[in-house]
Each structure stands twice: as structure tokens, then as C-alpha cells.
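Can you keep this structure in mind? I'll have questions shortly.
Read from first to last, the chains carry the letters A, B, C, D and E; within each, the first residue is number 1.
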Amino acid sequence: MKITDLRDHLCQVYPDLCPLFSIEFGDGVLAVPCGNLFDAASDLRDLGFDRLGMVTAVDQAEEFELVYRLQSRSMLAGIFLKCSVPRENPRVKSLVDLWPAALWQEREVFDLFGIVFDGHPDLRRIMLPEDWEGHPLRKDYRDERMIRRPDYI
Amino acid sequence: MSGLIWGAIYGLAAGMVISLAAFIGVWGERKIAGRIQLRYGPQELGPFGLLQTGADTLKLLLKEDITPAAVDVRIFRVAPLIVFAPAAMSLAVIPYAYGFAPIDTGVGVLFFVAVPAISVVGVLLAGWSSRNTYATLGGLRAAAQMISYELPRTLSVLPVVLLAGSMRPLDIMDAWQWWWIPLTFIGFIVYFIASLAEINRVPFDLPEAEAELVAGPFADYSGIRWAIFAMAEYGGLVAASLFGAAVFFGGYLGVPGALGVIVFVLKALVIALLMLWVSWTFPRMRPDQLMATAWKVLTPMALIQLVLVGAVISWL
Amino acid sequence: MAVNATNDYPSGAAGIFARVRSLLTGLTITGRQALRPVGTVRYPREKVVLSPRWRGALRLRGVLGRDEISVLSAGPPAYNALIDGLYRENRLPACVGNCPANVDARGQGYLLGEGKPSEAYELVRERNIFPGVLGRICHHPCESACRRNYYDEPIAIRPLHRHAYEEYRKVADERLKPFTVHHDERIAIIGSGPSGLTAAYDLMRLGYRVTVYEKDEKPGGALYSGVPAYRLPREVLHDEIGNLVKMGLDLKLGVEVGKNVSMHRLLDVYDAVLIAVGLQESRILPLPGHDAEGVEGALPFLRAANWKGDAGVKGLRVLVIGGGNVAVDVARCALRTGATEVRLACLESDAEMPCHPWEIEEALDEGVIAMCSLGPEEVLVSAIGSVRGMRMRECISVFDEKGRFAPEFGDEYTDISTDVVVFAIGQAPVLADVIEGSELTLTDRGMLPVDGTVFTTAQEQVFACGEVVTGPGSAIVSIATGHEAAESIHRYLQGQSVTEGRVVRPVPLYEEYQPALLDGVEGERRRVTVPMARPEERVTDFRPVELGLTQMEALGEAMRCLRCQSEVCVGCTFCARTCPDYAIQVERIDDPGQRRVTLYDLDLSKCCFCGLCAQQCPTDALTHTGQYELTFFHRDLMVFDCDEMLRSGEGTRATGRDSGREGNGEVSD
Amino acid sequence: MAIVDRLGEKLDGGRGGSVILTSVDALLDYCRGKSLWAMPMGTACCAMELIAASFSKFDFDRHGTIPFFDPRHTDVMIVAGTITHKMAPVIKRLYEQMADPKWVIAMGNCAVSGGIFYYDTYSVVRGVDEILPVDVHIAGCPPRPESLQDGVLRLREIIATESIAPGHKRKGAFTLPRDAAEGDGE
Amino acid sequence: MGLDVESRRVVEVEEGGTVEELVVNVGPSHPSTHGVCRVIAHLDSEIVTKAEPVIGHLHRGIEKMAENRTYLQVVPLTDRLDYVGSMYANWAYCRAVERLASIRVPDRAEYLRVIVCEMQRIASHMMAIGSAGADSGAVTQFVYAFDQRERIIEHFEELCGARLTYNYVRPGGVSHDLPEGWIESLLAFCESHRKGLDMMDKLFFGNVIARGRMKGVGVLSAEEAVAWGASGPVARGSGVEWDLRKHDPYSVYPRLDFEVPIGSNGDCYDRGRVRLLECYESCSIIEQAIAQLEPGAIMADGVPRLLAPLPGDAYDHIESARGSLGVYLVSDGSPRPYRMKVRSPAFCNLALLPMLAEGHLLSDLVVILGSLDPVFGEVDR
């Protein structure tokens, strides 16, 4: 399915999601407020996006941008679902109830970014030891064990 | 007193035979595995790498003997001997040459199938005393497995006993006829498979299943103590193939005199080779399948064999 | 229907049979495998033959300070063979390969960096007889191929030529020596343009006596009459030609072959004649009104501007038709000779314009108005028969799908009012007079048939080179033809076959780089900016637009040169910058003449053998060895210093010494 | 090292012991060198080459080196791969479970120094020698199986210097390079 | 062997009273974990009541490192992600970069990428099939499979000079063109590889014991596979027809004709044999790609040393041997990625382990783990 067809289809079924849709580098992006993330995701799942491909986050200085990649087998299309959470007290509703695939992926985001997923049944560190301090993929993470590379390009 | 001296001599001889067997067995196994896996196997020490096991043994002998803090020390230390002794003992009743078995007893066959079962105790103790989850599980598996396979193994030998009408190995050899080979073939297969299980070889090496339990009951043994276990295993292999060659394939029969021993050893070698071949070909079974095989396949097969032989005898 | 992986046994007795059979099959398979020959390599006795691309431990082939950089220098007949040999070994620097005359720009950079500008000048002169001239006007294909494009910005090779000339000029009198003559044959060259003089120079080096006939009073040919003085000051041209005369050139000015002296006579007196007369005639499109007053060709216009400094356009509006370099020259000359408004109309679109981008940029700076995608339709003539304006037609596309010239026009017409129309759309040779008295004939279109690679003509004794052969082109291309023609003449005079055993110079293709990223690039890595006169000042007269480099700037720029393909590490640090592990540390001293690598440390314990460093090493000094026995007894031994890097990579590295002995594994079987 | 220690002390102290000691050492070092059972501590990419070294094409068994997964039975730990802070205690513990005499080969640059993961990472131990005494370092990313075999053959040279008597070093057979043996006192 | 874990745990059972639960700690260094995974298995006798994978023992922070490396320098890092199939990570990453920087890859480079990636698929599947054998005790099967893999690696070595970490696919193309005679020897390999596959099919997948070990073990239904985000042979073994090469075609795959093998039971056997059958398909893809290969450039023109794409983010995914491997790149206009995220199929597949292993025997645990074919360089990143 072409990306424009996807947009049309989305706008037809969920008109309220339509204005949030944009196209970047050939991919559909649906940027929603974080409060609506779960509902939007659930709408998309009903629309046919049955696979949760990826959950990740990007540290955008003031806030964290959560990025979900959804994939549809029936439509042969992919879509990004994005929302921004504030850096202070980053919380968002977990998608585990929609896709169990989120179980580990959200744990990973929690581990490396410190974003808390409400409703996640088992939110523990996954990559790093339990007693690790800090969340390393945040841009302001400092660790004295890290050696900085020589700074030339 | 003379019994004691005889026992000592025998013990020494058995120890040497087993050592030698292990020596060659380990080398042979590595070489055969090598050939099957398209490589050479040991090569550096001695002709064809024959002395490789020697270096290994010497090294193991002088390696640190670790007794982990958590183990039950006395049991931990005695377990290897409990495993080793039955393997050595089982060699005693095998008819090596015409009229010669180190211990000539009327219940030789029973002795042969019963004594190795004692090693179960050793394995169990080893596993239990190590206080290590892998070892414990391995010990328990070993116990369950060995005990289950006692039955088909014993049953598989019975047809020959029926045919010969005696449990004395030398008597069996005397009565042995060539047409017993096709008649007792099913029995041999059962014996073969059950022996594989007895000596913990693939596909029945569950106790020390490398992929699951690392080294099973022997996981915490190091150096020479572990070598004793290994030797016992190869001793078992040798004993099983020798006994199989004797009762199912007529041992030394067919060729007169000392040559008979050579023929006997050759027959046993073929069986041993087959065992190694099998163990480097097949995957490992699962504990429940192992049990199922023992009770649902091998035991009925052995019983069928028994009935068959019984029918033949009554017809004769 | 997709292939299904589920593979069940049949049920019932067949299933039992299948089960038993599977066991037997397994045994058969392993048994059969056991009888197959063993596939083991018995290391260390046998060793695997490694792929030539195997990325083993790194080593350096040479390092600056220890090894010299070879300078490409060979006599005229041997130079092509040298270049071709290097090219086949993949050791030809891109700048040299992309130059039509294969000027050794790398050697120039090296010698300049060593503080030897005169040597640099003489090296360049071997292939480019006018470094000072070409240092101002060349379109520098070397710089577009420069490997440095890949890293940041190309080396300013052309300004360095100019700098070398200016340094050489100071000591020219001491260094100039006439060539000795050791051949009896004499050669006449018609035309003193770049190609003719190049051939003259090569032949003089080979020991011939050469006479050049020039019909004008001043030598230089197209360099004099076609190139405006703001780009090329006349004294530079005359100085360099003067140097040639000092070396023994017999230059006859004001002698026009075909008028003052006949070709027939030349053929009698000289053993060989080279026609290098260039192009003299401008093409003018036969449009309605093309014979009106005020319609001119580019060459007469430029000639007038260059010889007299006045093209007769003072206070007039000028429209130049054409998008090439000549058109831009005409436009800029028109501005300098007092035109009030200069427009440039060309068929091509903005991006397709055939002139060099820097030329049009400078012209736009000076106030030339460029009008693209317009084709000339009709010259509008006023009642008195002079030009009133020009009607132009919209051009949709210039080239067809196969890249041939096939303009397509639209329906939109534009009228441009102007007083003078200059056509700069092409030139043609005027040869009829020249060849009279020889056996040569011209084609219908007035061209002389010439072999394009060895530059022989129909008459054995006569050769031709330069724009007569190649058509309108750049000076450096003409110079390249001069070299080839000289070799042909030499072979002819020595009684050798002109073609046999002759090495044709390779024409490699080099990558065109996108502009590299310059954010965060250190200052010393940036290209020197060549100073320019301010546009509002420079349009007023014919003073040079481009100013020279200072000594320090030139030195710094020469240091930037990476000495590509020299197999000598120059400490450019790009390996250290590219290494994803930052395992390499490079330091060097940049003092003139003392430039050397002081530190080259490779921490082999960090190296990830990815090959990025060796692949991008401009000099090819850093290479992978096939060494893989990299066992070390101490972690400190894994840091290779410069000496270690220069060692050949063989044997095991266990002790930090090449142990040389084989492994101690005794192998039987 | 119950038996060995006692034997070594006896030989070292007794009269004429040194001659016997030397021969015993020579024999034992030879055997140990030829029977290096490996604890394959493969964590990352190098583990693939470690496996390949034992298999058909390279056949480690020819040198008497076979992999055992039980640390108690092994002589040399081949650390092949990146060691993270999370993994380090495991490796240390496994090393402690090995029976003396034991050696460590750091295979590949990750195990030697962190290699490509030296800079800018928060979770990688920069070299297994931060936690274990490494005898042989093998450079490569990953090293070829032959490199590993070469490493094992070199390890024999180290083993050949060892003596069962405490505090002794066998001389003559082989010496470490001066700079490395003296080190820089770190 | 492993870390301290309280090895016996008292749990309450429904009938009242307590039983002791044995806690077996598999890994992190364990022969069957395919790397450094630790599985804490709670056993009731030998039956696994709960298996909890503990990953992260190989978490090297590659995503953080990528933020500190230029776009070109990241390529060697991606080699070390999935070290059994380095080409995939190379390619997925390069696709994302090319998408960000709008680089058009020459056709020949695309074909070369397809060829090497299908070879890599064979190599990777050989590892998976082989270690499935080793997990269930058939070491010889592992050796044979590895032998096949070794021959592919020899070809890779010829091609790009490395045995495992190829650094072959670069943004804009590939690093080396084919050496002389390479194609012929590759075609010969494809021919002999089919025979090798037949042999392995009989030796292992036809074997009654191996079937017993794998059939009906770790059954994953199609719905669960989709919901858990499983991909690759794990999903296809459950009958989910999901192969990005077919269903989100990229590169030149639409010009190639191949089948997607699927299973119907979703057990370990189907997962394993799907891999085996995919190798046949890969052979045929290689042959087709070689037939369609035409001379040309192998690198897009003028890719400079420092790429600095416009700010923005891009995601691209390919079908790796383990499933859909995606790379998500965020650029801020500087020469270094602002953020790189690797969507690792092995990570998502491994998340299934607790569900699949529950109720099976300890012996099955290792088989199930093996059938998920995790590579911890990629799981932990």
C-alpha cells in the first residue's frame, strides 16, 4: 500500500487522527499527545496494524520523543507513532495490553532512558545490572568509566 | 589369604586393563569423532596421536584437586571409587579364552548385569554430594536411567541363558552355536541400546548432557578424580562390548587357542566401534523419551525375543 | 503456495519403518562422511592461502622523513610510459591522471613544501611549458580530481603553479641554460600558441633546432589574442616565451606562412613542419540580419580588445551569444572596454552552462547579466542598418536523450534591445593559405584531416597539433597535443615508426565528489583562499583579477597536498580520523623542508581490522599485511610505533620480534 | 594442587632433587602444553572463530586442545569476546572454579583491551586483564582460527618456563622479551 | 555454571503446604545459550515452571557509541551487532543512512548486496541448524553445518578480506567488487550446498530422535507470534507468512523469484526446518541474482568521507536471518548520528522464551532457546 493511500484510509476511518499524520522520508508519522498514545495505538491496531515492531525513544533535550513503529501485514505498510514526554517525570501508558511485544521493548526503553511505562507488569532493568545508576542513552548521562574519544573528525 | 592375593592381582590387572582401555578408548573416540567430523583428531603426540591420552592423564594426575567448600567431603571423595569399582569388577566374569574367566562363577551373567548397577550409587552420590544443581539433576537422571535400563538389559541376555541353559559364562561359550546370532539378534539390539544407556553415551548421555547440565554429576570434580569417572565410563564401554561379543557373537569361538582371544577382542572392537559411531551420529534423548524407550520399546522387544527363543527351545 | 516445513512421518507400520530407517540413514551418512578425505588444514605445517584482500595487521610502506617522494620526471618520449606504468600499478595520483598533460602536481607540492620553488617550477615546466601562464588561466582538471575533495577541499594546484613561477622569476637568469643541439634535423613550427611552443620545447630538449613562425608581431597565439589581460598579464606570457628563446628557440615574428613565406619553401628547408596555427575565425549564425552593423564574432572582438584595449563598444550595450568560456571572456572584456550594459544569452540552462562555474561567477560579480535558456532567432536591424536588438526564443532542452546537441525550442519569444551582438558560439581554422604548396588538402568544412593520437597528416613530413586538431579547447589540452606531436616528429626524424611501440597516455576516470562537509574542520585543513581584486575596482581596466599567494600561504597549501599514491606516509592523520576505534595516533612536524612524521602509533589492541583506514589512505602507504599470527605476551607490545609499522609483516609477533621459526607442533599422521 | 605442591617442595629441598625436578618439570610442562583443554569463554564475535577452530577446517584436537564447558576440567580459559561490567564477575568466578595450573588467553581485541569498544561506551570492561591474569594476548577482530592456534602454540612456550616447585622458573627454554618482562612497573 | 542463585526456593502450592522448587541457573556462560544469556529456570522436578531470561551480558552500548561516531565509522560497529550475520546489520544501517542522505545505490551494488546477504542467510542458518543439533546432542550435525558455513566464509574472505566482520556494505554501495573466479566458485558451492542440505535434512530433521526432541516442543501459535512481534523463521514456523523480502520488498528482491517456506505447527521442528528450506531458496536467489548481475559501478558517485544528512529521522528494515532487522536513525545535520536504534529481531524473538518454555522439561528449554536462534550481540547490542 502506498503511503498516500494509507493516509487516505486513515483519514477515512479515524478523521480525528488525520491532522496528526505527516510523511517523512517516505514513512507515515502520526504524532500524538502522550495522553492519547494508548487510544491512538489501539485505533491503529484495529485499523490493521497488528505488529508492534519497535519501541524506542530519542532524547530531544527538553523532552523525550517516544517512537513506536507499527507494521501492518494486511496493508503491507508501516507507520510511526510518536509522542513527546517531558524530561522531568517521564511517564506514559504502557502498550503491553495491546501487544505483548512491548513487554521487553518498554523495559529496554525504561532501562536506557528512564521512561516509566504505567501499567507495565514487570518494569525492571533489562540490559544493565539492577544496581546501575543512571540511564545511559540520555544525552546528559555521565559515567567516569566512559573514556571520551579524541575529538576530531 | 590366597583369595586376597588373587583379588589384589586381579584388581591390579583390571585397573591396568581399564586404564589401557580408557587410554585407547579415549584416543579411539577422538579419532573416530574426528573422522566422522571430517578432521584428523589428535595428531601431535606419538604415532597417530596415540600418546595424547597419556599426556592428558599425566596432566590430570597433577592438576589441582579441588574440593569445593560446599560439598559433603567424605562422600564427594569416595564417589569416584564407587563408580570405578563395579566397572572393574564387571570385567571379571567375561570369558576371555577357552576355559578362562578371571572369576568363574555360576551366576556370571547375573553378576555382569547386576554389578555395574552399583555404580549408579556412586554417580548419585557424586551428584548429590557436589551440592550443585547441575550435578544433583544429573545424578538423579543417571539413577533413573540406569535403573530403568537394567531391566531390558537383563532381559536381553536371558535368551542366551535360556539357550545355553546356564548362567555360567564359560558354559554359555561351550554351548554356543552360530545360529544363535540370527535368533538372538533382537536381543543383541536391545542389549546394545541398553548398554549405551548404561554407560551414558549419546543418545542416552542425559546425566552429563553437555548442552543442559554441563558435565552433570561430575561437574565439580577436577583432575584425577574426574579422570577416574571417565575411566570407569570407558571401562563400562569395554566391558559391555566384550560381554556382548562373548554372549551374542561367540567370543573366542571359531578359532583355536590364543588366536581366539584376538578374534574375541576384534569382535568386541567392532561392537565398541559401533557404539562410538552411534554416539557421534544421533541427538540426545529427552528424559521422558528415554524412559518411554526403555519401558515401551526395549522391554517389549526383549520379551518378544524371550518368547521367540522359548518357542524355539520348546520346538527343539 | 508457500513451501511447508512440517514434515510428518506416515502413520502406522510405514511410520515405524520410517523411524527405523531414519536411524540407519543417519549411520550411513556419518559412515560415508568418515570415509571422505579430511578437510583440515594442518596449521602450522600447512597454511591456508589467504585472500589477497585479507585484512591482516596494518603496516606502512614508507614514511615521510625516511622515504623520499618520487617525482615524476622523464624525457618527453618516456613520460607516457612512466604514467602508464604507474597507472597500471594503481600508483598514479589522481591530479596527474586527470591532467591532460599529466603535469606532476604532486611533485610540485612536494618540492614547494621542501622549500624548492624553482625545482618545482622546472618540474612543472617539463609538461606544462608555461606554468606562470597556466597558473592563471588553466581550468585545472587536477583540482577536481584531487583526492582531497573526498576529505575536505582540493589543493590549490593552479595558484601554486603561479606561485612557483613568481619564485622562479627571481632566479630565472641563473637557472636558464640553452639546450644543446645534437641533431642535425631542423623543424619548423607554424604558430606560437601553447601547442606549437610545447612541441618546440620538447624538440629542443631532444636536441633539435626549432624555428617558430608567428604571423603576429607578438608571440603567444591564442594566449595573446584570445585571453584577456585581466586574466593573463602580458608580461608573464612574454617572460615565459622569452625564457624559451633563451633556451635556444628561433622565433620569427611577423612572418605569415602562405604570405611571407610559402609552405613549399618550409618543406624544402626543414626536415619536418608542424602546423599549430589554432583557430582564427569566429562562427556567426546565419540568422536574418546577421550582416548588420554591430554584429561581430568573438575572436575579432577579443583581438581588438586585447591588442588595442578598445573594442569599440564604449557606452554601448552589448549582447553576447553563447555560454562558453569565450563568451564570458567577451562579456568581461566588453565591460572593461566601457560597455554600459553587458548581457550574456545562452541556450543552456543555468546549471548546464558549458563555461567553468568560477568564470561565470566572477562575471556575475562584475555585473554581467546572464540570460539562460534562450536561443537566437533574429537580429533586429534598425532603419540605418545597425543592430537594434535581438529576438530570442525560449529553449526547452539543449541535448537529446543520448546527450547529443539537439536543441528544442518553445514558443516564447523575447526581444532584447542592444547595440552590439557578439557571437561566441564557435571557431574555425583558416588553413587554406598555410597549406598551399604542400600535398595536404582540406575537407569540405575547411578542416585538416589529422590523426587524433599521433598527430600526423597526409604528408609524412607535416604534423599538426593544437586546436587545429582538437577544436576549441583549453590551453592545457593544446599543450598535451604538443607533447604528442613532438614525440611523433622525433620518431619520424629518427626513422622509427610513429605508432609502433608507442605508449598512449591512459585516460582514467576519476570520481566526482560532492562538496565535502566543512563544519568542524580545523583551519589548517581548509584550502587557501586565493585573493581577488574587488569587482567594482577590477571592471574598470585590464588589471589582474586574481592576486597571487604569499609565500606562507603557498607553503601551507603545498603542505596540504597528500602526496597521493606515493606509498609514503605523510602524516595526513586521516587514518586516525577515520579509525572507528581511534587506535591510530599520528603527529608530524610541518616545518618547511623538514616535514616528517614524528609519531605513528597503532594500538593493535584497539584496531578492529575494518580496513577503513587503509582504504582511504591517500598515499597507499598504509596497507594490510597478510599477517594473522598476532600473539603477544604483553599488552604493551601491541602498540606498534613507527618502526614497527614499517617492518614487513611476516612471522608471529609473539615476542615483539619476528621469531622466524615455525610453530612447535610436531605433526604426524 | 595437593600432590604437585608436595612433590615440588620435596624435590626442591631434597639432595639431587634439582636434577629430578628439572626432568619432572620438563616432562610435565611438555604434557601440559600438549594437553591444553580449553574453557571456551566465548561471549561475542570471537566465539564463532573459537568454534571454527575446533571444527573440521582447523581442528584444534590435533594439538590436543579440546573445549570443555566445565571449568573444573580445563586448563586454559580462552576469553573470546567483549566483556561487559555485567559479565565480568561471571568470568572471574568461572576462572576461580578452574583447577590449577591454569592459564588465560585473551582472544581478540575486545578481550585484550576493549578494542572497538574502548571509547565512548559505558558498559565494557577494557580488557580481561583488568580482572584476570592474562598470559597470551591475541590481536584480531576477530582473530582467524589459526591466530588462536598460534596463540596456543605460544602459550606452550610460557608453560615451558614453569616449574612445579614454588618460586622456580625454568631457564633456557625461553625468555620473555625484556621490555615486557620488566614492564613499566604498572 | 554461573552466578549465585538461591538454588532452592520454597513455594506454596495450591493443595496447601510447601514444596521446594529447584532453581537452575543456565548461563551466562553455558554451552547451549548461544552466547551470554542467562536463563533462570525454576524447576518442579525437571519441569520448567518459570524460565526467566536475563540478558544484557553483552550490552556494549553500541547505540550510544554510534552517537559518537561518524556515519562511516558506525559501519564496523554494526558488524559486531549480529556477529553471525554481519552483512544484515551493515545493510540495514546503510539503507537507513541512504534514506536519510538520499543516496541512490547503483544496481550492481544492490545485486551484490542481495548476493552476500543470501549467502549470509545460509551461513547464519547453518549456524542455527547446527547449534540446534548441538543443543540436542548431535555434535556431528553441528560440524557438518559449520563445514558448509565455513565455505561461505571462505567466499566472504575472498570478497572483502574478513571472515566475520565484513564491513562490506557501505553507505552508497559496497566496498569491493567481485574477485576473479568468485562467481564460478560460488555457483559450484550452491550446487554442492543443496546436497549438503539434503544430507542434513536426512541426518537431523529426518531422525526419529531429533523429531522427538523438537516436534510439539515450544509451540507458538500464529496469533501469538504476531502479537509478540516475532519475525523471521520464528514467525514463519508458526505459519505467519511474513517475509519483508516478499511483503515489503526492498532492493532488487521484486525481480527475483523465490518461495517463503512456512511451518504449520509452530514448534521447534518447524522453526528449524523453515531455516533449512530457506537455504534452498537462498541458493536459488543467489543463482538468479548472479544471472541478472551486470557490470557497473559498485558505489554511488561522490559519497564524501563525512556524510551529514539533513536533520530528520529515517527507519529502514530488511529481512535478516533472524527476522526483520530495522535501523532507526535520527540526524541533527551533524556528521554523527544523533540517535541510532537497532530493532533487533532476536531481541523480540527471545522475549517469547518464558512463554514457550513453561511446562516443558529442562532439556526442552535449551532446544526452545536454540530454535529462537538468538545472537546476543544483537539482542543486547
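Here is the rule we use: a contact is a pair of C-beta atoms (placed from the backbone, for glycine too) under 8 Å apart; a residue touches a chain by one contact, two chains touch by 3 or more.
This structure is a prediction, so every number in the text was calculated from the model and none was measured.
**Student:** What are the mutual neighbours of chain A and chain C in this structure?
**Tutor:** Chains that touch both chain A and chain C, as defined above, are D, E.
**Student:** What chains touch chain C and also chain E?
**Tutor:** Touching chain C and chain E alike, sorted by label: A, B, D.
**Student:** Report the chain closest to the protein's overall CA mean, measuring from each chain's own CA mean.
**Tutor:** Taking the mean of C-alpha atoms per chain, the most central one is E.
**Student:** Using each chain's Cα centroid, which is most distant from the centroid of chain C?
**Tutor:** B
**Student:** Can you give the whole-Å distance between the Cα centres of chain D and chain E?
**Tutor:** 32
**Student:** For chain B and chain C, what's the span in angstrom between their mean Cα positions?
**Tutor:** Taking the average C-alpha coordinate of chain B and of chain C, the gap between them is 82 Å.
**Student:** Once you find the CA centre of chain A and the CA centre of chain B, what distance in Å lies between them?
**Tutor:** The mean C-alpha positions of chain A and chain B differ by 60 Å.
**Student:** Need the CA-centroid distance for the pair chain A / chain D, whole Å please.
**Tutor:** 46
**Student:** On chain C, where are the residues touching two or more other chains?
**Tutor:** 23, 26, 29-30, 33, 38-40, 42, 520, 580, 582, 608-610, 665, 667
**Student:** Which chain B residues reach two or more other chains?
**Tutor:** Within chain B, residues 34, 36-40, 43-45, 49, 210, 214, 219, 280-282 contact more than one other chain.
**Student:** Show the residues in chain A shared as contacts by 2 or more other chains, in ascending order.
**Tutor:** Correct list: 127-129, 136, 141, 149, 153.
**Student:** Would you mind giving me the full set of chain pairs in touch?
**Tutor:** Between chains, contact exists in these pairs: A-C, A-D, A-E, B-C, B-D, B-E, C-D, C-E, D-E.
**Student:** Which part of chain E faces chain C closely enough to touch in the complex?
**Tutor:** Listed in rising order, the residues are 69, 72-77, 79, 140, 144, 147, 157-162, 165, 167, 175-176, 179, 199, 202-203, 205-209, 211, 237, 241, 259-265, 269-270, 273-274, 276-277, 281, 301-308, 334-335.
**Student:** Would you tell me which residues of chain B are touching chain C in their complex?
**Tutor:** So the residues of chain B touching chain C come out as 32, 34-40, 43-49, 277-278, 280-282.
**Student:** Quick check: in the complex, which residue numbers of chain E touch chain D?
**Tutor:** Those residues of chain E that touch chain D are 1-3, 28-31, 35-36, 56-62, 64-65, 68-69, 76-77, 79-80, 83-84, 127, 142-143, 146-147, 150, 153, 163-165, 376-377.
**Student:** Quick check: in the complex, which residue numbers of chain C touch chain B?
**Tutor:** It comes out as residues 23, 26-27, 29-31, 33-34, 36, 38-40, 42, 665-669.
**Student:** Contact residues on chain D for chain C in the complex?
**Tutor:** 56-59, 62-63, 109, 112-116, 118-119, 127, 129, 134-141, 143-144, 146-147, 149-151, 153-154, 156-158, 176-177, 179-181, 183-184
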